[in-house]
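You will see subunit A twice below: alongside subunit B first, and alongside subunit C after that.
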Partner chain A sequence: MLGVLRSMLTTLSTTMRRPVTRQYPESHRPIPERERAFPLLLWDHGVDEPYCTGCQACERACPCKCMTVTMKDNPRQAEGTSKRRKIVDTFWIDYGRCMRCNICVEVCNFDAIAMNNTWTGIELSAYDRHDLVMDLDELLALSRAGGIVPWAEYVGEENQKLPPRAVQAARTLAGRGPA
Partner chain B sequence: MMPVLGYWFGIAWLDAILRLAVIAGVMTVVVIFLTYAERKVIARVQQRLGPTRTGPAGLLQGVADALKLVLKEDLRPTTADRWVFELAPFMVFVPVFLTFVAVPFTRDLGVRFLSLGLFYIVAVSSLNIVGFIMAGWGSDNKYALLGGVRAAAQMISYEVPLVLTVLGVAMVASSLDIRVITERQDVVPYIVWQPLAFVVFIIAGLAEMNRTPFDIPVAESEVVGGPTVEYSGIRWSFFQLAEYSSLFVLSALGADLFLGGYIWPFGSNPPGWLQLILILVKTSFMILMIFWVRATFPRLRIDQLMSYCWKVLIPVTVAQLFFNGLVLVYRWPDILLLVFSGALLVGATAATAVAVRRAARRPRDAQAVRDRRLQYARGA
Partner chain C sequence: MVADFDTIDININVGPQHPSTHGVFRMVLTVDGELVRDLDAVVGYLHRGAEKLLENQDYRQGIGIQDRTEYLAQFPAEQSYVMAAEKLGGFVVPERAEYVRVICVELNRIASHFMFMGAYGTDVGVFGTSFIYGFRERERVYRFFEELTGERMMYSYFRVGGLAWEVMDGFEEKARALLQELKRGINDINGLLTRNEIFIARTRHVGEISAERAIEYGLSGPVLRSTGVRWDVRKDEPYSVYDRFDFDVPVGEFGDCYDRYMVRLEEMRQAVRIVEQALDQMPKSGPIMPEKMPRMLRLPAGEVYVPVESARGEYGVYLVSRGGNHPWRCRVKSPCFTNLQALREMTVGEYVADSVVILGSIDLVLSEVDR
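And then the complex of A and B:
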């Protein structure tokens, strides 16, 4: 019979605790750094142009053929403001076809492509699947705005020993922008 | 729900219709917000948030549910017994509606104040068993029939201790008028003189309302909703309406009978608004207790349920009546009411605890139960 009172107390104590529910669309849980959403292109803030040279290595490696890349001569190389002779001209990724296998990131010679590890790579629902075909500007936008720290950055050579969060903290303290 | 200042418009039948309309409205609103409250309370117990989306803090969730139920198609199985099936929800609902008539909320606020109000409530509240049996039989569904028979067994059994506890209070107050009973509690509420009666009242009330842990007739996992299994739309909502309004009526009645209703602890005649606040606070307290119990305990087995009623509740409540009689006839001091009732409460608790422990320790009994179930399963 004491068990009756004890169980009532148990439910009372859980009532006093804070609910664990997240009101999802309004509040987001933090996403792990290694989250692998859809691939996007990275922006070279030092030279102010994309890292991508349009070499089509990713396009050739892509198992589901969701990418289309073209290349052009880099006009800024002629001006002398950039060392890249070629640069990406157009780039499309069909997010509706991509299966998020990470192969494009692995084959990229310039570390120009990364898997999106933010909520923007997840909340992509659209009424028309054609809206899921992303062009160059859309692929670069997040990185250009400084909104992403690619996972590859966390495991760079000098940071091999450090846990990712420590790297991020160090980066924030140094005042360096992401990517 | 309105002051008894004679008839409205001075016309008896118009007055009666108006009063009934007011009850219907108040009941609907109460039920809508009780379902919301229950969902919220149980969510908090389980560390969830409960409804949050419909209206501010989810307050309109009940309204949305009610609308959905009203607009839903009202289905009837082709093999159902048409009239029995279609009338059963009302047979469940009407008795609850009738009990609402006699419950006083404050000294002047109530639908009708009957001098035999308690007797009337006891008499009409047990009528809805008929409705459950009709629903069970009319559905032509074995789960519904099983649920209906279970409901009948359970509600008839638990009606007895419920009446006996209420009778104990009526003896102490020497009246069956609920207003008189309430107003005798201006100094000490009857929960003090009759703790056993209060506890048994809540337990038997839970069983009367088919609420957890006594929801055997409507158990989802055993008889898939029992008598209500074939109902949908507005007919199903009548069962819901009946359940929650009986929850409200029973809580208000418990507040009146045991917690000093609209009087205690503010002397014999607090102002009207204070009476209203008092009764609302006490009713809410009772309702919260019932929600809390529902969130805590698992369902009983039907044999446990029956033996608990007949072997524990009824003997102790009868004993309490007997001791009440002794104290009142020989004019012993009131404190003896508390002593006897409290001793019986402790005794009943201890006896139940011992019985539960023994049952848990006897593997042979468990084996016997398993054998019996096997026999049933084989159709023996």
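And then the complex of A and C:
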């Protein structure tokens, strides 16, 4: 009997504490900067085209084969407005298959892909799983609207000159600032 | 009078879709009235071919699969896998990375045990409260991991050679603040369950197994230690930097459900101690990966077995490489699968209502049993 009373005392003491729950759809908890939701492509605002050249490094490294990438010759390179010889033509990511392992971000040579660290990457329910296959426009939309900070802007010019390993941490999701 | 009745045994099917089986586990009970005469455990409903998947993925991709193999204690599973690859490749992990790993693993052990405490209270049938308490504290640890790795459950944070990226700013302060909250959470669970007469009546001397039989079955982890056998991979075959910490290995006396609970409760306190020491000893700066790591990891031919002490027992990865960038065979030695073998011996002769308590006391993770 005493033990049961002791248990009741414990529950009584917790009623005095602040609640840890939230009214979720109305109130979103702040998510950490490093949040890894689903991968997105980044938009190079300087040249007004994607960073991605469609080199397929991420496609080859993906453990669950959720990506399909093709490249094309960059027409703007011929015009002289861009330095990229090749540019991404099509890019699909099946969010239904993606396991959010961050490997695509680590292997990207052009820092063109990032994990979404906003709530838009988390609240992704769909009635049809085919709706979760994202095409190039959908993948670029958030970054194009300025919702995601690209590495190049965040890491800064001086860090760009450091050896790759030194800025590796910054270039993976660890270093990206809040969007 | 008794001889006039002719009783027959009845088969009762529990699971695979049963809330008390902690996943998709099925047991067929042969009952005589209220007593369990026989138990047939059926596993394999969650088989996803993780070992086969690992054969087709390179060493970095395999880490993500390891998370999913053991979804309540993900860091020990990752650690076992990367340590196996490191042993094969002969990589020396930087000290700072080792300490961060130990902190992650021990916090994960606490989170996993909180999950056990919560679910176990519900198994015993009296408390919905313990479930909420356990999940409240576990969520604190997961928030911390989310801040550290970006992912709430499937971290893929360890890499062969070290860590994937540097810890966040204020790692140490946040970890210490977390420990204070966890200590209070452990005391809450302790106050709620340990002395409670109802809880003791349901668990004391229920599902007993002797030390000899436990060793014969090859049990490990808290289930083995509850029988009084002082065996802990961290202590007896120290890996990583565990030989630098001062911690105790709690053991039980009777090998019953209550002892299994008590061993886990004490293990959480010891894990807090280890994390505190690790935070003190951790180098404040330094590399987290060896200097010369190849971009594409290729390991020499050979085979290696690396056990670690997971939250449920000895979790081991047996890695066979024939050169190249992916393992030729990766066998996962799962503690739950081994511990589950003793379920029949523990349950036969007990009441039907206790079978759920005994199953809960093993702390089952079905993804790890079936892989």
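We take it that the second predicted complex is superposed on the first by the 128 of 179 C-alpha atoms of A that agree within 3 Å, B and C clash if a C-alpha of one lies under 4 Å from a C-alpha of the other, contacts with A are read in each partner's own complex, and residues count from 1 in each chain.
Here, contacts are C-beta pairs under 8 Å (C-beta built on N, C-alpha and C of every residue); 3 or more make two chains touch, one makes a residue touch a chain.
Remember, it's a predicted structure, so these values are computed and weren't measured experimentally.
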- request: Answer with first, second, both or neither: which of subunit B and subunit C does A:Arg34 touch in the superposed model?
  value: second
Query: Does the superposition put A:Arg18 against subunit B (first), subunit C (second), both, or neither?
result: first
- request: Using the superposition on chain A described above, determine whether A:Cys101 touches subunit B (first), subunit C (second), both, or neither.
  value: second
Task: For A:Gly146, select first, second, both or neither according to whether it touches subunit B, subunit C, the two together, or no partner.
output: neither
Statement: Partner touching more residues of subunit A, subunit B vs subunit C, is chain C
- request: Check the residue A:Met1 against both partner chains and state whether it touches subunit B (first), subunit C (second), both, or neither.
  value: both
- line: Intersected contact list for subunit A, partners subunit B and subunit C 1-2, 4, 7, 10-11, 14, 20
Subunit A residues touching subunit B - in the complex, by the definition given at the top: 1-2, 4, 7-8, 10-12, 14-15, 17-21, 23
Query: Considering the complex alone, what residue numbers of subunit A touch subunit C?
result: 1-4, 6-7, 9-11, 14, 20, 31-32, 34-36, 61, 63, 99-103, 106, 115, 117, 165, 168-169, 172-174
Message: Can you tell me which positions in subunit C touch subunit A when the two form their complex?
response: 57, 60-65, 68, 129, 133, 136, 139, 146-151, 154, 156, 164-166, 168, 188, 191-193, 195-200, 288-289
Task: Would you pull the subunit B residues touching subunit A in the complex into a rising list?
output: 41, 43-49, 52, 292-293, 295-297, 349-350, 352-353, 356
